[in-house]
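Okay, so chain A shows up in both of these, paired with chain B first and chain C after.
Entry: the complex of A and B
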């Protein structure tokens, strides 16, 4: 037998669920997500997607970047970093938020968990340690990267509450959206938050890595008759486009990584106005955002319902013959049965209901077709399940 | 009767050959004269030990302009550049920092030292890329004369202004900082870990008689980041067959246009009559006539050695005297009986294929510079070492290896005295001892070692003081100030005389841009069609 290489911390990492993930991944579709071996798909993308929409999909989100932020000034510090008023985020609650650089350009979005007593967890797609430390000058806070210390699963879909109750999370149906609660799991604490990236009823489970495999096993045993299924990155991508969620690095370039002048975006330009509280006092980027409010934005973020069934990936958006923007994410959405695109267009266009044109290219057996597809600006994302907000949560 | 040439190029370094190739391509009768019995200048592969090939001056390739490589059909003439990825710094405590070419792997390794630094690297990389993009677009163009009202200069000044404007307020401020700051100060703004800072700072001092905290070294870093291999900006590669493969391909290209090369032909003087060049006189006494003489020598050698100061404006002589071209580097080329092992690095690690360094703090790097200032070589030297034979099978017999070791710092004179053979040997020993600190079996594997101090580099290659860039890359000597104000457009002070070496814009490194840019000006003066390609768009 070949000798195993000595452990090299620079090589690909595996999540705490890897033994289970690897067993479930039957089609060898792997990806590198932040240095972790993660599946793009386990069995078949569409079936996985429909588990999210029809029963329960389980997604290993352990590679998600996670920071613990604590110390006497944690709330004040986070209020300084985030565009939202963090003082309004009560203990036991989770908030979706964005943060900007001093030029008011979005660095990333993420979720912030308030554990009480000035203890928070920030989950983000990009890494943000440098910016957090940079912004922490003058604040008495501690910031720790706990990515590898917390195993996390997203359990999403109409039967997700029932699955978790069957696993022993008694009374979970009473947890409100963006609430968090704790259960005992084999002598360790299992944190459950009613959060997710799918726009439906769904939870995220957080546990120490040592109990990860057991959690997976119990979860799948509990969900056996409730349609539980492991879901990979591609199914989640479909769900998040349908639900209208932005992805850093796809729908915007994290502001401090931008090389070319003007390629970053403000929260207003990404349709995230509702996350910006200009009245809460000083925060990173406030001055620039006030200015933008006064003088107007350069771009407008819109959801488009595109005619036909060809996803408008990488399309130019036209008004008449004039090029006014580009598509950043696009997919045929299997539940909403619509062809959705996220677009960034010249701010002068894109009022709800406006008709635009997407220049769509698609290929069939090496033949390319160009379609000028009509599209309509939507008021809101196409998938908007009432179960997402329903409390007590339904069983299916 | 001796043949008459349209143009004579002095020196067969890569810029001389590039210049000559374009002139020949444009239909001129061109002769390149070379003092050594072999071509290439500092772009050579030499067999100094049995079956080993040494890239015994320049040793890796990134800056060579892809437009020229393609236009002169260098691949058809045998050139292959094989990229290598990453780099490595050893720490004195047995640890190391491995700069992997894969972004995520690099993050994990950096985070092993500091999570914050690993994340700060994104900001650093973006900021550096902004600045390299600014410079890259001026590499393959003639610097404008900022005081001229010629349409061409005005247009080029406008292009420059537009490029700066495009950077935005912050980028513009950064550009000025970059061109004037020290690399140490710059890195201190991003990173907290000593070895990471030291690792990145190396590119700021290579070939430069300045320390990591000397203003101007941040630009030198950009100079090492602005090249590319196959469009990957900042990447470096090996020329298969050593750097001599670059010269060989350029020479073959030149010859395909019926250009000629004469080796063992050292120029004594550029001959001038009534303010016009008439050709060159060789040390052999032979005179060769041409209306155009292009010097690929450095500005000091050009104006102080091979030209008569009586033929020159006094101002030019003075500027040449004052030109900063201080020697600061040495080089060891080593034949190894096998692959050395390095502390903490498995022999099959991809890091073995990268450039390896030894100093683990800016403090040690600054001290290494202090030795240079005191007139001696660094007792704890910085090295940039590679084992090209791991990638290139032509460099050493199977199982054996060739190691190239660039050393910073080595002074042009040792405490004011010329280098002696004993000094050279002691310098070599210092470097070998330094490497052995990190490689326990290194010394036992050495079969042959060529040690080159500034003395050898000057005597053999003809680089004044052994300065690898033909003049320091500080802001006072860049762009329309290179080599000196008023002479940055490759034209000398005498009609028919031109400069095409690394002492002209955009400076040193195996880039071939000075040679090509000079050819563009010569052909313009001759009212010949433009031959030199436009730079690729870099958007």
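Entry: the complex of A and C
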């Protein structure tokens, strides 16, 4: 359990792909992602976005927080931490999951990789070593932060399978969604999982940092004629909103970071009911979530189709003239040709099809305009590509 | 699987477990009480440590037993008898210039009139403060949020109690509540022995020195005994076991089934609550309610398992402060030792060796770093002077709480034990020069021994530190302060629950009241 690494005094870290990322980043739009220098955009956000949707976008995922969790009690431990039943996650599979504090409030979401024999990798947005350590009291587990030990690329889009096959990942088309497999890459192991944040066919590649640059080079060489393009955070943001994925720190405040009473959210309030298994036994937040089930939630999470083309960023949501909620994420989604917003509203409202109003403010040349845009509650996210589930995966 | 159906199983037959079981049975519940040792009583037992010589093995004074518990359970009818009561506390001086703290005031050759006057005033004020704490201790602690009408009334009466103190006393309480006994003593008194003896009351059984915050609240906690009618410590005839035997008889008379020499290895629970317990040997006993008289750490970490609670609870249990600091010395004497300047009637009082607050603080300093000081402080009793059942005629027993003896002794107690025994005896010898010649047998119980022998986790007398962060709404930890634990059907009834340590019986009685009022499915705490 005591595998904390010594403090690293480096101010801003670079990912193992940095030499390649920096070369591709023509417009110097850099961001700070949990202490790593990462590009917001390489060239033009729209072009990068359309690479994700029409060919292949490559996103440097290395700053993602990663923990290796092992030991005889790893499964039992994770089952106590996560709201879903981890015992059902089979070896060689990846699961999307959330975890809560004791108050049943979401701390973060992430993906959990089951490597078999009680070996797991947890990928998350927040750094949660302290919480994992506290949760490990009473369990025989080891928890190691491997964020810097694993380089990762997201390779997403309709031609992504073709690109990876061209790079040498033979038979990859047979890999099912949320499956993982391994290839030899220049004598080291390359792990490929069919996972992503774009709602389309896509993969994530995981490799030791020493081979990162070579992987990047091989990948781009293989994808040269298949429309491969490096994509930054902004293009990914568009894609994930279109696909209906939550972002920690944006669509909810991680529960243990909340300062003010009542600002955190439960999984039910984020539309993640399907990730909560109240019958699986003790897990963090279970008692509170049972209470919430009994007495009702405060908020409801909804997808909104907003009239017009002005993103309803940070808008108030009104029912008639009454303020009933706020928008957490919003974007004009080019493929779906819809103006989408994620909103958290009073739980009494928001049935599918309900008409609401978004109070949209936008500024053009210092002049502010206020629009009361009609919006409609959607049943599901607007982008839902059949390729996401298709196996064998198509070439394009 | 035993299918005898019980409404509740009490794990552990300490005094609070017995009290809780008795109250539950009185209310018509079918109760089974399980005790690991051959006799019930927990830390309130009598122990024959040498042939014909018996002592109160752990707790040695009765000074806080709540009168309601005594009368509700008819303890005198069940055999509780006091050998002595309202004893004075005599702070020993090597030159015989002792200071005597009695119910009606302090006296001593070297004591100034000013100290005596001030003590009277100090004592009155402390009584008022302790009375406030006692009122809160007599019921479940009122909840600050989501309060029901019972809580509101309790909060109101607490607020009224504060108001009734009057402006000056209320200010004083708020002022001294968070400082330390050292500063409070310095404000009032000049005499080192007086300050030392009172500081001992503020730190006994805790990981506190006179200069530690929380020592004032610990002092008031002990002073609650006065509110409950004790004008000084008392001795139970036959040793503290006499009380436990009376409690056991009372519990049995109420219908509690008591089984001894059975070790509970686990409290069985699933996500929806407890289902019973398992004994060493595999026997399982089912019950919808399990009441743990074990300390909170033992209850959660060993009996229930931290995997069966949510992480926040596990974390609070882990952080619970519970490391004992007291060793217990037992001496069998073939005659009465001569203490300098004390006559025989004084020898039967409570004697303390606490030559001054600085000496105590220095002794505590050592304990902070896993060592013991060459100058321990002692709380001494020669109970055979008032109870001839404890030693053969003409012989005596001397018992002493020896502080500070850190649970985690760096050198280890296997090697430290004999040296510490000799050190304690040498310390006594400074006040009773012929002591060594009278010793026939001796025994020292270190905190590690106390843990093993009496299942006191960390060897802590109070099942956890007495401090504002672990008292009232925070005992043993927030979210578990009203006897119902965050596992449905699991209750805590020992000193780890409100109002904390000391042989009071209130934790047991209050827990029983909660269980009786408990409606399954409404387990919010």
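As a convention for this text, the second predicted complex is superposed on the first by the 387 of 396 C-alpha atoms of A that agree within 3 Å, B and C clash if a C-alpha of one lies under 4 Å from a C-alpha of the other, contacts with A are read in each partner's own complex, and residues count from 1 in each chain.
Everything below uses one rule, namely that a contact is a pair of C-beta atoms (placed from the backbone, for glycine too) under 8 Å apart; a residue touches a chain by one contact, two chains touch by 3 or more.
In this text, all values refer to a predicted model and were calculated from it rather than measured experimentally.
Shared-chain residue A:259: touches chain B; no touch with chain C.
In the overlay built on the shared chain, the residue A:9 is in contact with chain B alone; chain C does not reach it.
With both structures placed on the common chain, the touch criterion links A:53 to neither chain B nor chain C.
In the superposition on chain A, contact is made by A:32 with chain B only, not with chain C. Of the two partner chains placed by the overlay, only chain C lies in contact with A:282; chain B stays clear of it.
Counting contacts by the rule stated earlier, residues 103, 131 of chain A appear in both its interface with chain B and its interface with chain C. Partner chain C is touched in their complex by these residues of chain A: 73, 76, 80-81, 101-103, 131, 134-135, 137-139, 280-287. Interface residues of chain A, counted against chain B in their complex, comprise 5-6, 9-11, 13, 32, 34-35, 103, 127-131, 133, 145, 254, 256-262. The touching residues of chain C, counted against chain A in their complex, run 270-271, 301, 305-315, 317-318, 486. Within the complex formed with chain A, the residues of chain B that make contact are 98, 100, 104-105, 107-109, 111-112, 115-120, 122-123, 125-126, 129-130, 133, 166-168, 170-171, 346, 539.
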